[in-house]
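Order of writing sets the chain letters: A, B, C, D and E. Residues in each chain are counted from 1.
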Amino acid sequence: MIEFEDVTKQYPDGTVAVDTLSLRIPSNEITVFVGPSGCGKTTSLRMINRTIERTSGRISIDGEDINSKDAVALRRGIGYVIQHAGLFPHKTVVDNIATVPKLLGWDKRRARTTAMELLERVGLDVKLAERYPAQLSGGQQQRVGVARALAADPPIMLMDEPFSAVDPIVRNQLQEELLRLQRDIGKTIVFVTHDIDEAIKLGDNVAILRVGGKLAQLAPPSELLANPVDDFVRDFVGRDRGYRALTFVHPDELPVKPLPAELVLDDAGAPVGWRTDHEVQPVNAVYKQGDSLRAALDAVLTSPNGWGVCIDANGRAVGIVDQVIVAEALRS
Amino acid sequence: MTWIGDNLGLIWEQLREHLYLAILPVILGLLISVPLGYVATRFSWLANPLIAFGGVLYSLPSIALFIVLPAILGTKVLSTVNIVVALTIYTVSLLIRNVIDGLRSVPAEVRQSAVAVGYGSLHRLVAIDLPIAVPVIFAGLRVVTVANISMVSVGAVIGIGGLGELFTLGFQKDFLTPVVVGVALSLLLALVADLILVGLQRVLTPWARVIHTPPVEVA
Amino acid sequence: MWEYLSDSYNWSGPEGIWARILQHLWYTFAALGLSTLIALPIGLRIGHTRRGAFLAINLGNAARALPSLGLLMLAVLLTDQIGFLPVLIALVALGIPPILASTYAGLSGVDPATIDAARGMGMTGREILTKVEIPIAMPLIISGVRGATLQIVSTATIAALVSLGGLGRYVVDGLKLRDFPQMFTGALLVALLAIALDLLFAVLGRVAVSDGLKVD
Amino acid sequence: GGGGDQLGDSNAGSTTAPAEVKSITVGSADFSESQLLAEIYGQALAAKGIEVKKKPNIGNRETYMAAIKDGSVDLVPEYTGAALAYFDKNSTETSEDGAYDALKKAVSPGLEILDKSPAADEDTIVVTKATADKYSLKSLADLKGKDLVAGGSSEFKVRSAGLKGLKEKYDVDFKNYLTLDAGGPLSQKALLDNKIQVTNLFTTQSIIKDEGLVQLEDPENILPPNNVVPLIRTDHKSDAIAATLNAVSAKLTTDDLTDMVKRIDVGKESADAVAKDWLSKNPLS
Amino acid sequence: MIEFEDVTKQYPDGTVAVDTLSLRIPSNEITVFVGPSGCGKTTSLRMINRTIERTSGRISIDGEDINSKDAVALRRGIGYVIQHAGLFPHKTVVDNIATVPKLLGWDKRRARTTAMELLERVGLDVKLAERYPAQLSGGQQQRVGVARALAADPPIMLMDEPFSAVDPIVRNQLQEELLRLQRDIGKTIVFVTHDIDEAIKLGDNVAILRVGGKLAQLAPPSELLANPVDDFVRDFVGRDRGYRALTFVHPDELPVKPLPAELVLDDAGAPVGWRTDHEVQPVNAVYKQGDSLRAALDAVLTSPNGWGVCIDANGRAVGIVDQVIVAEALRS
């Protein structure tokens, strides 16, 4: 656990970037710092690895004050990923990833093997190992940045807007990969973003900061969407809040209706279309058993006839839902 | 010290000659480099050969150039034209690189906007590209100006060297004062010229003076 | 001039062209080595700490105005010596500014995010300098040394004014005797030597600069 | 000389003397005595109402000759023997008058010399007292087979009043030759530091006496007589100018020269002031 | 109307960026080009003002081939806005805006007055007039870019990802302002983005291009969401398609239920909260009469008790809706 106790940071020019901030960052989970520009997210994050020194207060990791350790040693035990990745342009991909292991004095073979493993782990082709950063796309660079931070298997990872410089499609991929990766590695991740959607998607907990470096609310995303503590949080969380909140509603089992005759199935039992008088309309809208209520609702809303098709893990249609069923689920 | 007092006239004379010999080539060089650099950005295959050729010219020893030029130009051996031409050659050979770099430093989106807004190509050069290239061109201008001031004195070896003549004068007599005065005045001249250029650049580029912290959004 | 160059007598012996080239190279490399030894550490220090930049850069630029000829004569008069030492002083003063300026420029041009990343992963100041800043600044450092070389080679000609050898001998003797072929020969050889050294540094640049800094 | 000479010649002006010349440019070589003489010429002419421009310190003989040939300057102080060697490389004249007469014929078209002065500044080849004692040197002939290092100007190395003559007339070879300057500070320093043992100085230089240098005798007369003589472009030689310069030449003595050069080189006085002084003590009627 | 007829662009290196593209861009509306990276959006756009010359085919404006005109004259009649604005760094804000009027030879006073008016029109303080671009935030620069393009009042505006370099909050503001502005000025706007959300929000018509410069579908956004022509468009339009489509459903009048007793109102009749046994819970969720179904549904989903409050233009509560009412509206 990382703990902030009354932490304040005042820059030499007088700016108070972080003001008596107290919060706990639980281990093995993703905690996201989110807030408007200039609210002190980066400052808070960087005080953890002491690339910025706090002015007052106490920051501890597992109970131990970070100032009791040598800064360089502290940093080697913490992974750090930033926007644009900050890769070393003069080193190949594999050398970039192996940087910290080499600093730690691992033998070359081992550092290299680890680097190659990580390359695959973050979803990159090992053929890219000998390329230089300038030969990679933005998304690939960002993946290398993550791999580099993971190289010495640090228990903590700090990530400062790591995905904000790539385009929305790639960003989405990177987010998915991070979640997948985290399921395997279970690090303590502190993630900074100014995008509330990203925060909600990635965070086990989300800390919303307001300008001046004050904590507005720290809670799991569902809680944040359902019960914003004040207008600032409400506004920041933004419109479609109710709809987005459905992401976190997983009705154990939505009662489905039996498949109607109009639904055309293929040989394997997968839905193909809706028979009408003249033609077969495609089934635009399916959701998987166990998906969130958001998916179910969207299937209903997308469907040409208001019926969302529920499929099982194998893609076979198992039943349909309509707005009444969803509405019922919402009520409970 | 008395030597300085006795020779104020001479020192002043040489200082003026020095200034003239150093600055005129800078102006001529600039007038040549800009169109040349512009052509090189239009026909980009020209740029690298041009820069490389500049490098070769620059490595010709100045003494040699000072002496060879009358034979090529048909000028008189003691004519200041020789020095001016030689230094102009050096100026162009150094400045061409900065002009090209400067014109290339115009951000792609700015150039795009300028085209789309409907600037013709020459108009764009004057109204957009050159002003934006000023900082890079001036960086080069500062270096050549200072280098020219240093190089003029080599002309003393053939009898036209501005302050350089103080060096030979003192040297022949094994006499430190004129040499020190010459070196000090060269430095001073360079410093003043450099300051003037810095000032001129500030005047020409008011936009570069502004603080680069964007203010808060005013909705 | 071709006559001069094609006469094999002119090439060999202690006053032959080969000997002159070797002398010229010796002056050049001695001055270059010393300039680098002085300018590089200062440039690295300023670039790494970003302190004192203003002073160093402006002094460096002003130092370019030191007239080599005057400096040479001053050095002769002050050291009361003729020969290598005054020449070395004049040439070193010439070599320092470009190396200093480009070393500083190289270091200060390193992307702050890269340095941030290096610091964040636990590199010490020295490690950041040697493993990150210097390799990334290498193209500019080399170009500074190249610039200095070019100037030193061409200016080493003045060594001949104070009795030393080198290719300047041809230029200066040619000047005194109004022997143009000899002078042309000297000037041409100096220019060729400069080009050769420049190519050498270009090759060095290819070797010493990471491929990662060359891709567009 | 090479291409420069031809170029200079083609630039030479008309060969007939004009009746009146309003302005004249006086040049000089890159040593104190030449500058002094140029100052004296200039001030004397200025006193006659002629506008005088100065181009002091042009360089060595080869350089200022190119300048006078192409009209960059109109008048320079010269020395009979040395100038003769320049215009006629094969000349063997050893007498004062012979050299003067030969020079008169040898000068390039468009140039003329005026009357020579009794003042002379001979080339001399010197060694230090220590060297002279060590190798028992009295005459140039004694240099033979001594394995010494010589030094001096670029031109001394190649002309007959220099290494060439030494080799031809005395069969002297040196171990090495350092190219320095024409009797200037480099040569003096090198000699006194024993970097070179033999060098070429001029008889009016005070260092010879002050340092007790030994002038080696020249029985074969490779060093020519060297009377001061104005070299002028014909298109600038009016009667008035010729008369003034001839008057200067008539008054000037070798002792005057020696004195004045010492004031400049050792006393660090300016040539300008020393010349003015001499003219005021020697009014030209 | 701008018309593309079989327009092809092949770059000298052989890349076919746009391939026999035919489409019509109606006047006085916003047409958005959207598609994945490299699909030829920028190329298509720039062929209109001839900053890129087409290889074959015909592009005409109001029936007249654009090649029949002088390129420079053509460009002066077309506004052009790009990412990062591409402002001239050496000119002040007002001089930037006045560029085209000056090129057209307007007198100085008039050019300046127009520029100042435009400054206000795009929502900038006139105090910014004498600043240089470097002194503006990204969002402000983008507004100046729009003002500059509008300066000579050209009938056509080309905008190439104009808002993609600013952060999401500012981007949202800029989008709103563009829509507001367009209501006043009614230009023919061609807008390029790779963000489908932006396309749907801004476009009267959206053209989806696929890589290789082929048109996949050109339709109003509602149509696009409801009836994507193929899988490419379906995927591109993305998840939440059904929910987003509700944006375009404006039920003439959603039948509201009368205000229940639990709803606490203030003196003016505005909703304040829901009374429960112990406390008053805030009303998180209101929608305005005439809003889209999306807003109504979100109000229902956001509300702590499943009741969305409908308010009138003055903020007075006029009734409530629940999921059943919304579900009914969906069915029709």
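Everything below uses one rule, namely that contacts are C-beta pairs under 8 Å (C-beta built on N, C-alpha and C of every residue); 3 or more make two chains touch, one makes a residue touch a chain.
Keep in mind that this is a model prediction, so the values were computed, not measured.
Asker: Going by the touch criterion stated earlier, list every chain that contacts chain A and also contacts chain B.
Answerer: Under the touch definition, chain A and chain B have C, E as mutual neighbours.
Asker: Spell out the chains that contact chain B while also contacting chain D.
Answerer: Both chain B and chain D are touched by C, going by the contact rule given at the top.
Asker: Which chain's centre, taken as the mean of its Cα atoms, is farthest from the centre of chain B?
Answerer: Chain A.
Asker: Looking at C-alpha means, what's the farthest chain from chain E?
Answerer: With centres defined by C-alpha atoms, farthest from chain E sits D.
Asker: Between which chains do we find the greatest number of C-beta pairs in contact?
Answerer: Max contact pairs: B-C.
Asker: Could you put a whole-Å number on the gap between the CA centroids of chain B and chain E?
Answerer: The mean C-alpha positions of chain B and chain E differ by 51 Å.
Asker: Roughly how far is chain A from chain D, going centre to centre by Cα mean, in whole Å?
Answerer: Those two chain centres are 92 Å apart.
Asker: Averaging only over C-alpha atoms, locate the centres of chain A and chain E and give their separation in whole Å.
Answerer: For chain A versus chain E, the centre distance works out to 28 Å.
Asker: Distance between chain C and chain D based on Cα centroids, please, to the nearest Å.
Answerer: Spacing between the chain centres: roughly 40 Å.
Asker: Can you pull out the residues of chain D that are in contact with at least two other chains?
Answerer: Where chain D meets two or more other chains at a single residue, that happens at 3-4, 59, 63, 66, 185, 189.
Asker: Going by the contact rule already set, what residues in chain B reach two or more other chains?
Answerer: Counting only residues that touch two or more other chains, chain B contributes 71, 156-158, 168, 171, 174-175.
Asker: Could you run through all the chain pairs that touch each other?
Answerer: The list of touching pairs comes to A-C, A-E, B-C, B-D, B-E, C-D.
Asker: With touch defined as at the start, can you tell me which chain B residues reach chain C in the complex?
Answerer: Going through chain B, the ones touching chain C are 55-56, 58-65, 67-68, 71, 142-143, 146-147, 149-154, 156-158, 161, 163-164, 166-168, 170-171, 174-176, 179-180, 182-183, 186-187, 189-191, 194.
Asker: Can you name the residues of chain A that touch chain C in the complex?
Answerer: Interface residues on the chain A side: 46, 49, 51, 72-80, 82-92, 99-100, 103, 132-135, 145, 148-149, 158.
Asker: What residues on chain C touch chain A, complex-wise?
Answerer: Of all residues in chain C, those touching chain A are 111, 113-114, 116-124, 127, 132, 135-136, 138, 209-213, 215-216.
Asker: Which residues, counting only chain D, touch chain C once they are in their complex?
Answerer: The contact residues of chain D facing chain C are 1-5, 59-60, 62-63, 65-66, 151, 153-155, 157-158, 178-180, 185-186, 189-190, 195.
Asker: Which residues, counting only chain A, touch chain E once they are in their complex?
Answerer: My answer: residues 36-37, 167-169, 194-195, 226, 228, 234, 239-243, 245-246, 284-285, 294, 297-303, 306, 323-324, 326-327, 330-331.
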